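Multiple structures are listed underneath, in C-alpha cells.
One chain, subunit A, appears in both complexes that follow, with subunit B as partner in the first and subunit C in the second.
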Partner chain A sequence: MIKSQRINVFQHVPFLRGILKSRLFQPVLTLTTLFFFTLAIVTGLFGTPVGNRNFGIVFVWIVWWGLLIILLVPFLGRLWCAACPIPVPGEWLQRRGIINRRQGRLSTLRWKFPKRLRNMWLQNFGFLGIAIFSAIILTRPEVSAWLLLGFSLIGIVLSILYENRVFCRYVCPVGGFIGLYSLMAPIEVRVADPQVCATHTPKDCIIGNEYAYGCPWMVFPGTLERNTYCGMCMECIKACPKNNVVINLRPVGSDLMVAKERRLDEAYKAFIMLACALLYSAVLLGPWGWLKQWANMDTLPHWLIYAGVFLLANLLLLPGLFTLTALLSRRWGGVQVPLRQLVTDYAYTLVPLGLTAWIAFSFSLVFTNGSYAFGVLSDPFGWGWNLFGTTESAWTPFGSSLIPFLQTGILTAGMLFAVNTAYKIAGQHTPNPRQALRGMLPVAGFITSITFVFLWLYLG
Partner chain B sequence: MKRELLAIGIVVLILFGLPVGAFIYQRQQTSSDSTKRVIIIQATVPEAGGFQPSAIKVNAGETVTLRFSSMDVTHGIAIGPGLGIDLGHVDPGHVKEVTVTFDKAGTYTFYCNTWCSPDHWRMRGIVEVTDPDNPDAIPIAYHDPIIERLVAEGVNIDANVTMGMADHPQPDVLTFDQPPSIEKGNILAATLSIPEELSDAEWRLTHTPMEGLELLADKNPSNSMNDLIHVIAYLWVSDTRFEAIQWAENYFNQNCAACHGQTGDGNGPAANQTAESPVAFGDAAYMFGMRSDVLYAKIRRGGMGTDMPNFGTLLTPEETLKLVSYLWQLAFLAPNSGIE
Partner chain C sequence: MIHLQKLFGLLRQHGVILSGIILGVIVMTFPIPRLTDPQTRTITLDARQFEFAPHRIHINKGDRVIINFTASDVVHGFYLDGYGIQERVEPGVTKQIEIVAERTGKFRYRCSVSCGSLHPFMIGELVVGPNEPFWRAIAFVSVSVITLIAYQFFSKGTSYEHTTLGTSPA
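And then the complex of A and B:
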C-alpha cells in the first residue's frame, strides 16, 4: 500500500544519495540561511523603520514567505526545515559541533518534554498569537526582528533543556503549518522496504551511529507514513547501514489518506490555517479600510474587538460550521462514525483547500510587492547604500492582470482536489460508494462555499 | 576537524562580522563622503503619524539626500522657505528624493502640498540646520518689518473685519452686483486724476481698496462710485508681475485651494472640515475692506482657532507677497466676479 505509486529518486539520480549522505549537506543550507537571517535581524533592529525599505521586512515577509508557501512547501514539503536558521544555534550547542558527528550523547539537561504538549496545540496557539499581531509584525522591522530573535532564543533554551528539535516539532508556529501542508508534497523521505527495518534491531536511524545523529525530529523512519513530522534533515539517510532510507516521488497529497494518524490537533491546524487565510484576505485584500485600521491597532478597543473576532472565527466559528457539516454528512451518508473522528477525518480535506488559498493570497502579495526586494538588496538598512546599483529601482507591481487568473486557477484546483479527497475519505468510512457520495456532499458544499468566498475576495 | 573550524569561522563571521562590517561600511559612507548621507522619511497622513521622522538635524553646509516614500495615499512634498523645492506627487509605495545643501543655520520645513486627508495641513516636518562650529547658536530671530509695523500700528491681525474703516462707507453700502472690472478700470484710469498715494505700492500695501476709493472719490466727485470701483480694482493689481502670478497660482492651487476653493469662492473640497469657514478671496466686497499687509500677516502667522495653518515657516516674505498679489487677482479676476 505504502509502496504503490512511488518513484525512488535515488534509483534515477544516484549521485543525490551521495550528496545527501554528506555531512556538509545541511550546514551548507543552514549557513546560507543564517547569513540572511542575521542580516534580517540586524537590519530590523538598526535599519530604517520604513518597512518596504528594510531588508528584514522585505526578505522575511515577502521573499521568504513567497518562496515557502508558493514553492517550497507545495513541491518540497518540509525541506525548508532542513535549511531553517532558527533552530540551528540550539542544535549546534546540543551537538557541540556544526558539521561533524561528535560521538557521545547530545549535551542537554535531558529533561522530559511534557506528554500533554507533544502535539500541535502549542503551535496552533502560537500561530494565532502571532496572527492577531500580524499587521504590526509584518510592517515594523524592529518588532519583526525581535520576533525572529525570540524564536531563536526559545530554540536555544529548549535545546538546552530537552534533546533533539523539540522547538521545531512542538513549538515553532511556522513548523506546524509546514508540517500539515507538507502532507501535500510530491516528495517524501521513506524507507524502501519496511521489512528490512523490522528485522534490523540496532536501529541506527533512531540512536545514531558514527556517521549520523539519531533522528532529531524523534521519528522512526521505518514506520514513517506521513511527512508531517519529518524535517527532511537527511540524518537517517546517512545513518542507515542498509541504505534503506530513500527519497521518493509520489502523487500529490498521498499522506492525506493515512487514516490512522489523523488527529484533532492537526485538524485544528487545518481550521486555523483556513480561517487565517480568509481573514487575512479580507483584511489585506478586501475593500474594507476600517478593518485594516482595526487590525493595525488604530485604537486599542478596535484592535481588541478585531482580535476577539479573529480568535472566535478561528477557534469556534469555522470549526463549529465544519462540525455541523460533518453532522449533516453523517446523517446523509448514514455511517456510524463518531462525530469527533468524522470532523477530524474530513478536516484533512481543508489541507489542499487551505494550501491553495494561501498560495492564491501570496500571489498577490509577492507579485505586487516583490519588486521591493531589488531595492533592499542594494540598501538593506535603508541608509542610502547602493551595493548593487538597484537602490533606486522603483516599486513595480508585477503581473497585476495575471494575478486573478492564477488565483482562480489555483483555487479551483484546490477545490477540486479537496472535494476528491472528501470522497476518498468518505470511502474510508463505508464500502458503499453511494453512501460515500452522499456523505461527502455536505463537505463538498462547505469546500465549494469557502472557495467562492475566496474568489469573491480576490476578484470581487 | 578542519572543516568544522571553517564552519565555526563562518558562523562567527556571520554573527559578528556581518553587523560590525555593516556599521564600518556605513561609517565610511557617511564620513569620507558626506554627500552620501541619505535620510529616509516616511510619509503617512497626519492621522496616522504624518512624517516619520518629523524632525531631522543637519549641519550647515552638509549635503544630504532626503528620500520621501509614501506609505498610504498620494502626498505632495515641498520644502521651504526659500529653497524652491517641490518634488510633486509621491504616490503610495513610491519614492522621491532631493539632494540639498543647507548653507545657513536655521529651520526649514518639509510639508505635504497635496490635500491628503482632513488633517492634511498638519503634515509638516522640520529640518534643523545647525552650525557645526557653533552648535548652540540659535539663528537670530527672524525680522519681519511688515508684521512689526502692523503690530506697532495696533492692527488686530486675527480680526476678520475691515480695517480702519469706522468712519468710511462700509463695503456693503457699495454695490458689487456689477463686479469690478480691471479692463474698464484701465480705460477709465486714463481719464481721472489719480491721487498720489494710489500710485504708491507701499501705500496700497497698508491700506484697503475702500480707503483708496475714498481718496479717489474726493478727487473725482463727478464720477459714479461704480466707475471708481473699477479703477481701484485696476490699481490694486496694476503692478503685479506675470511670473509672480504664475508661481502664486500654482502654489495657491496646491496649498490653499482645498479650503479656499480654486476660484477663491471659499468653498474648496475641505471647506466644511475647518473650524471656521474659509475666507472667499473671490468676494470683491470682502476684499475691498482688506489690506495686503494684513493678508500677508495672516498667511505667515496662520489664523488662531480657524484651522488656517501658518505659512511663515514654508514661504519667504517675497513668496508670501506674491501669494497676496494672487489673492487680489482672485478678487477682481476670478470667474465669480464675473470677469474672465
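And then the complex of A and C:
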C-alpha cells in the first residue's frame, strides 16, 4: 500500500538519471565542499581566534549547520553524505582515483570491521563526546579546525584498514543523526522492482562493474527499506544494468513504520538527539551565564559537573523517563510486548519531534547569527581583508520577531507527527484500535510534555 | 443506509477537526485582560563576559523601562530583539536605554559588540507580561494534540492499519 504512494522521479525528470549516472556527479559535489572544508580548516588554524570573525566557525557551525538541519536533512535525507568532504581523501586513496572507475579491488588492508561495532553505538558515544565540548568547539576556530582535521584523518586511517565507507557507516557522529533523521525525508533511493534484483544474480550494485563501484555503504539496494544507511552516492544507479534503481518521492516519514529494522542503538540515537536539542537550547540560547561558563570550562570542576549532568541526562534521565512511559503504555494498552521492544519501537516517535526541535533551535541560531557570514566572506581569516567589500557589514539579527512563531509552528508540526506515529506504532502491537489508542496515550503525553519544555525555553 | 452511516462517520471525524480548528482560533485570539496599570521602572543592567545581570527582567505591557546599562570587564553591547534598540558601553560608563513595552512576550537582549569566545551566546531575557505568545502557544499545542487524539478516537479504526511486527508495511 505504501509503495503505491511512491513517485518515480526518473519518470517525470528523465534527464536526472543521466546526471546521476555520470561519474562526475559526486566528484563535482565533493570537490566543491572540499574547497570550503579546507578553507575552514586553514582559517581555523591560522586565522583570528575571534569565532564570529573566522570563516571556519561561521561557515561550519552557522551556514553549513543551518543548511543541513533546516533544508538538506528534512527534504533530501542523506544527500549531504554524498557531498561530504570528510571521507573523500580516504575514498580516493582506496579507489586510487577521483572520477573514473579504476578496475580491480579497492586498495585497503582488507581488515574486517568488528561485528560488535557494526551499529550506531560508536556514533552515539562519538556525538556525546563532542557534544560535551560543544561550547568550546563552536566558538574556538582552532579547536574546531583540529576536530574537522581529526575527522578527516580518522576517515583516511579507516579507509586504509577497511574496505568502503566504514567511517561514514559506523563512526561519523554527524552521519549517525543524519541517518536517523533521513527516515523522515520525502525522498529515497530504492529499486523499482525487487523481483528484478532477486533474479539478477551478478549483483553489480554490490560488487561493482566497469561503470561503478559496489555500494560503498555496504547496502544491498534490492532489499533496502529505509534511508538510514544509504549515503545517496548514486553508485547503484550507475551500476545497475537493468536501470532498476530509482529515486522516489514518498510520504514524509515513511521509513518510521518499517518495524523489522528497529534497533536499540538507533533508539538511543533518538534519545540523545532529543536530549541534546533540549540541553543546547538551555545552554546556548538560554539566559544563564553561569551555565555557559561551566560549558565553556571556566574551571575544570565546573565543567566536570556540567559534562556529568549532560551525559546523565542523555544516557539515563531521558531514556529512563521514556522507559517509564513505555511501561505505562504497556499497562494501559494491555499489550504483551517485551519492554525493550516497546521502548525501541516507540523511540521512533522521537524522530519527528527531535528533527523539528533541532530545526527550531537552528532558526534561532542561524537567523540571529547568519549575518556574520557576509563579513567572513570578504575576510575569512579576520586579517583585515575586504575581498567583496562586505567586511564591515554590521551584525544584523534577521527576523527576530518572527522566530518564536516559526519555532511554535515547527514544534507543533513535529509533535503532531510524533503522536500520529505513536498511534501507528501502537497499531503494530495490537489489532484493536481502542487498545492501540490507550497504549499510545502515555507516549503522546511524553511527547507533548517535551514540546512544552521547548516552548518554555523559547517563549516562556 | 450504509452510505448514510459512512456519511455520519465522516461528519463525526471531520467535526472533530472542525471543532479543533474553531477552538484553536479561539485560543489564539481570545483577549487577555491587562492586570496592572503601566509603571515606570528603572533597572540597572550590567554586562560581563558572557552574561547579563539580571539575566531576566519581568515587566508588564505598557511599562516604561529605563535601563542603566553598564559593563564590568570589556566593551559590551545591547540589542533588543523585536525592538531593534542597540547600544554600546565601555567599562566605567553608564548608558541609559529607554524602552516602552508595547508588545507582550519574551524578547531576548544580546551583546552586540564582539566581547569574546561566547559572545554570540551572551543573551538575557525581557519578559513583557502577561506573556501572551507563550500561553497561546501552550494552548494551541494542547488543542492540536487533543484534536488529533479525538480524531483517532472517533475514526474508530478507519485511519488505523494494523501491521504485524517483523514485517514492513510496504
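The rule is short, and it goes like this: the second predicted complex is superposed on the first by the 458 of 460 C-alpha atoms of A that agree within 3 Å, B and C clash if a C-alpha of one lies under 4 Å from a C-alpha of the other, contacts with A are read in each partner's own complex, and residues count from 1 in each chain.
Note that contacts are C-beta pairs under 8 Å (C-beta built on N, C-alpha and C of every residue); 3 or more make two chains touch, one makes a residue touch a chain.
For clarity, every value in this text was computed on a predicted model and none was experimentally measured.
Visitor: Sharing subunit A, do subunit B and subunit C clash or fit in the superposition?
Guide: clash
Visitor: Applying the document's definition of touch, where does A:L24 land relative to subunit B and subunit C: first, second, both, or neither?
Guide: First partner only, subunit B.
Visitor: Of the two partner chains, subunit B (first) and subunit C (second), which one does A:L324 touch, if any: first, second, both, or neither?
Guide: A:L324 sits against neither subunit B nor subunit C.
Visitor: So, does A:R53 touch the first partner subunit B, the second partner subunit C, both, or neither?
Guide: both
Visitor: Please work out whether A:K260 is in contact with subunit B alone, subunit C alone, both, or neither, and reply first, second, both or neither.
Guide: Second partner only.
Visitor: Output check: A:L304 vs subunit B and subunit C. Expected answer is one of first, second, both, neither. What do you get?
Guide: A:L304 sits against neither subunit B nor subunit C.
Visitor: Taking the superposition on A as described, I'd like to know which of subunit B and subunit C A:L316 touches: first, second, both or neither.
Guide: Neither partner.
Visitor: On subunit A, which partner touches more residues: subunit B or subunit C?
Guide: Counting contacted residues of subunit A, the larger count belongs to C.
Visitor: For A:K424 in the superposed arrangement: first (subunit B), second (subunit C), both or neither?
Guide: Touch partner of A:K424: subunit C, not subunit B.
Visitor: After lining up the shared chain so the two structures overlap, which partner does A:T448 touch, if you call subunit B first and subunit C second: first, second, both or neither?
Guide: Second partner only, subunit C.
Visitor: Using the touch definition from the top, say if A:G286 reaches subunit B (first), subunit C (second), both or neither.
Guide: In the superposition, A:G286 touches subunit C alone.
Visitor: Give the one stretch of subunit C, out of 73-81, 127-135 or 145-153, that collides with subunit B after superposing.
Guide: Stretch clashing with the third chain: 73-81.
Visitor: Common interface residues of subunit A with subunit B and subunit C?
Guide: 49-50, 52-53, 395
Visitor: In their complex, what parts of subunit C are in touch with subunit A?
Guide: Answer in residue numbers: 48, 50-53, 55-56, 79, 81-82, 105-106, 108, 110, 112, 114, 117-125, 131, 133-134, 137-138, 140-142, 144-145, 148-149, 152-153, 155-157, 160-170.
Visitor: So in the complex, which bits of subunit A are touching subunit B?
Guide: For this pair, the touching residues of subunit A are 24, 27, 31, 34-35, 38-39, 42, 46, 48-50, 52-53, 92, 97-100, 298, 380-385, 392, 394-395.
Visitor: Enumerate the contact residues on subunit A facing subunit C in the complex.
Guide: 1-3, 49-53, 135-136, 139-140, 225, 257-260, 284-290, 292-293, 296, 337, 341, 345, 368-369, 372, 395, 397, 400-401, 403-405, 408, 411-412, 415-416, 419-420, 423-424, 427-431, 433, 436-437, 441, 444, 448, 451-452, 455-456, 458-460
Visitor: Can you list the residues on subunit B that touch subunit A in the complex?
Guide: 1, 3-4, 7-8, 10-11, 14-15, 18-19, 22, 25-26, 29, 36-40, 42, 48, 52, 65, 67, 69, 71, 93-95
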